[in-house]
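Same chain, two partners: subunit A is paired with subunit B first, then with subunit C.
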Partner chain A sequence: MDFAFLYSSFLRLIAGIPLTLQLAFSSIGLGFCLAVLLAAMMRSRLLPLAWIAEGFVFVFRGTPLLVQIFLIYYGLGQFRPYLDEMGIWWFFRSPYYCALLALTLNTAAYGAEIVRGGLQSVPHGQIEAARAFGMSGFTLYRRIVAPIALRQALPAYGNEIILMIKATSLVSTITLMEVTGLAHKIISETFRAFEVFFVAGAIYLAINFAMARLIALAEDRIAPDLGRAAATIEMGKLSH
Partner chain B sequence: MPPKSFLELMQWGPQGWLDEMTFATGLTLAVAVSGFLFGLAFGTIAAIGKLSRHAVFQRAADAYTTVFRGVPDLLVIYLFYFGGSAVVTAIAQKFGAQGFIGLPGFLVGTLAIGIVSGAYQAEVIRGAYLAVPPGEVDAARAFGMSGWRLLRRIIGPQVLRYGLPGMGNVWQLVLKESALVAVVGLSVYLYEIKLGDLVLIYETRFSDLLRQAHVAAGSTRQPFVFYITAVAFYLILTTASTWAFRRAETWATRGLRQA
Partner chain C sequence: MKLTRFAVAAAAVLALGFAATDASAQMRKVKVATEGAYAPWNFVNSAGKLEGFELDLGAELCKRAKFDCEFVAQDWDGIIPSLQAKKYDAIMAGMNITPKRLETINFTTAYAAGAHGFLIQKSSSLAKLPGGEFNLTKDLASAEKAIADLKPMLKGKILGVQGSTTNLAWAEKYFKDVAEIREYKTTEQHDLDLAAGRIDAAVVAHSAAKATMETATGKDMAIAGPAFSGGMLGLGVAVGIRKEDNDLKAAFDEAVKSAIADGTIKRLSEKWFKVDMTPKS
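Right, the complex of A and B next:
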């Protein structure tokens, strides 16, 4: 083993960690807000709203994330004159914003299903009891529905967070230099795929391991009585 | 020359791209199917390791599933493409060849997808195996079945039945992951096959759906049209497979009492 090479690759690769984490966390945060909105639309009695949300989820869950990234970054370039006119071309010209948009829309589609599942799990009796206490509308949601739904949804959402950290690697295909992009660069310079894979893989495993621990801690805090879903990264939704 | 309309672009034949896009969809499907089958093989081996009584096999299987579920798929594809090509190049240079020899994207993609999906498949198969009621295995043993016959008649069919929903999930994952081969995709490979005095020159063109969309987008300057078409083709594939797996589940559980 050439430790000098492993170490120098490590030093170059950790420069990509901030971008990886930044993209992952901003898309998860923005995606969660959108997911809540979508889940609310899917449960709405206004059917057109529900259809729009269901269509969105169907398209973004049914196609590869890489295709979505290319569609937004390369595809929308076809409409450059119009986007220029609307004054938003600066957004779609930037690989960073396009990647962020694609990741956000993608995780929102998966998140919407998780949030919807959480909302569905709220026992009807709890809502009835709250209504009997005179709660309604926003208070009912804030005090009763949201906390119960959140507890139910947390394990699945933890899964989604880890999948998103891995998914950020795809943005390297549109020139963003996060960990996988840097790994690709080092490999094409040195042709030492095994060593670079070893180091980059270890970085991802470390990040994901730390995230899994954090999620488990959050589960312990928010839902101690549910018992930690030990299989957080075991099963559940797998794909992007 | 005015830009072509959508219908003009999507003609069948040399004028349009519909035939290319359709063949590329077939290739995507071929990559996914072979990757899935590889994954089934790797997953079965890993599941056997996880269920084994030997700590060494358990640890090896656990390490395999942890690593390949924790590392981005794209990184695995790079490992196989560059790592595999480096090995092949080194061997070829021993025999006097020169330059870098890139491995075919199909092979790389299939293997990488097989390894990654095998890590997910292992959990599905292990779970399904544990769901087989032990009483049925006891009963089969009482009938004198053992070894291969027990596996083929009792355990195998039930593992498939209980594992089917999980395998459906893995298949969806594989289908979407197959888009990543576009990154190491399109190349024209020339193979010379020598049969005595006869030299066959065999050319293969490898481009999956996403790669084909990329190529068409570049050549027509209408990227949105082709990427949105790729989206539509992927949706057809995923929707059709959701339907197929649901049918298969109904068929596989037809003898079970429903709760």
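Right, the complex of A and C next:
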């Protein structure tokens, strides 16, 4: 293996890491806010609100992210006159904003289901107990429902975060030069696909390794009794 | 008796088998890759089949070289690595001969040559770019002077160009300091963005630009500025072949030369491009 070449590819590919991380974290952050809103809508007693949220999740979870990126970027690009009139063309003109929008909507759809699952897992008894103490509304959510739901949702949400970091590799199809886009460019100059993708893969692996550790730390922190450290002990107890 | 019949049958099967091998030995199977997204050179028609100048020419060249050819579509950015990986034996995809590519693969004699330049929206301020014709091989100095004259007009503009092309290498060398350059997977994609107004100009081969202008997407587009050719833009479009396949190269060379000599390339070129793209030696 040609280490000098691997190293020079690595040096060029790290230039794409900021864009990869920027897209991943912005979309995960915005997507989480939207996911909470959608989960709340799905649990709402106002049926039309629930239907809208369920429809959104159905569409964005049921279609490939690549198709969503193409539809938002090239698809909406063909409706420029209308978007111009609405004064939002500046947003859709930029490949970065289009990518961010597609990634955010996509992760929000998955996130909504995870958050909803977390909320549903809160035992009814806990809520009744809280009510008995006189808690209601926001206080009930802040002190009881949200912490329990978050603990339940975090492992699944961690999975989603890692998936999103990898999903950013699709945005090179709309001219954004993140790690995968740069990898394609280096390959087109050197024709050495194996080495370049090997390095690109290693970069994603390193990012996701760090991410997985952070998520595990967070899990232990917010739920020491449920976290990984405790998991083996718990399993032992359960089998008796 | 039964045994004899079996022996006869077995002999017949063997004989047939040998006959079949004999026939395929005469007609060498050659797999040719094309992009299928670069009209009118090569594209997928409404029936889902590959069509274009290179499909017609390829069939003609294979007939002359006595090859049994099969065309396959391959994404542009992987077209050379896949040749190296022996997924096919030759490339006919509007690919120009360049020194950079020659480090990795070999090319036959060129079968077409054309100019490169800018595709713009007619309403754009770039419609006023000065014209002219420049050859980077024959007179680099005046070509570079023409490029220097273009620079102030392209300042702050966004140029779209297909990745892994001579157009990209050229645009990056001369315009990276004044304009933003965006890379696309296919020319169709930068055409869409040019129509939408996301980019100010596409850096293209004139042949492909003319095809775009005939589509609904390109109805308000025009070629602007000077026509550049030669040098780093390519020494002509040719069949790409692995370096070690010398016999394949020799056979295709022979076929290309005879197709140039008897006017076949001129005829096909006029059919697909409306102009004669025969390389001038």
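Note that in this section the second predicted complex is superposed on the first by the 227 of 240 C-alpha atoms of A that agree within 3 Å, B and C clash if a C-alpha of one lies under 4 Å from a C-alpha of the other, contacts with A are read in each partner's own complex, and residues count from 1 in each chain.
Following the convention adopted for this analysis, a contact is a pair of C-beta atoms (placed from the backbone, for glycine too) under 8 Å apart; a residue touches a chain by one contact, two chains touch by 3 or more.
Predicted model, so just to flag it, every value in this text is computed and none were measured.
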Query = Putting subunit B and subunit C onto subunit A via the overlay, clash or fit?
reply = clash
Message = Between subunit C and subunit B, which one touches more residues of subunit A when both complexes sit on the common chain A?
response = B
First (subunit B), second (subunit C), both or neither touched by A:A183 = first
Request  = Please work out whether A:T175 is in contact with subunit B alone, subunit C alone, both, or neither, and reply first, second, both or neither.
outcome  = second
Query = A:C33 contacts which: subunit B (first), subunit C (second), both, neither?
reply = neither
Message = Quick check for you: in the superposed arrangement, does A:G62 touch first (subunit B), second (subunit C), both or neither?
response = first
Message = Is A:L217 touching anything from subunit B or subunit C once the two structures are fitted on A? First, second, both or neither.
response = neither
Ask   = First (subunit B), second (subunit C), both or neither: which does A:F209 touch?
value = first
Task = Could you say whether A:P95 touches subunit B, subunit C, both of them, or neither, answering first, second, both or neither?
result = second
Query = Just subunit B (first), just subunit C (second), both, or neither: which does A:Q78 touch?
reply = both
Request  = Look at A:A193 in the shared chain and tell me whether it touches subunit B only, subunit C only, both, or neither; answer first, second, both or neither.
outcome  = both
Task = After superposing the two complexes, find the one stretch in subunit B that runs into subunit C, choosing from 112-120, 184-192 or 238-246.
result = 184-192
Query = Hey, what residues of subunit A end up touching subunit B and subunit C alike?
reply = 74, 77-78, 173, 184, 187-188, 191-193
Query = What residues of subunit A sit close enough to touch subunit C in their complex?
reply = 74, 77-78, 80, 93, 95, 173, 175, 177, 181, 184-185, 187-189, 191-193
Footprint of subunit A on subunit B - complex, ascending = 66-67, 69-76, 78-79, 81-83, 86, 100, 120, 123, 127, 166, 169-170, 172-173, 176-180, 182-183, 210, 213-214, 217, 221-228, 230-231, 234-235, 238-239
Inquiry  = Help me check something: in the complex, which residues belonging to subunit A touch subunit B?
reply    = 58-59, 62-68, 70-71, 74-79, 162, 166-170, 172-173, 180, 183-184, 187-188, 191-194, 197, 200-201, 204-205, 208-209, 233-235, 237-240
Query = Where on subunit C does subunit A make contact in their complex?
reply = 77-78, 80-81, 84, 100, 104, 160, 163-164, 182-185, 189, 192-193, 195-198
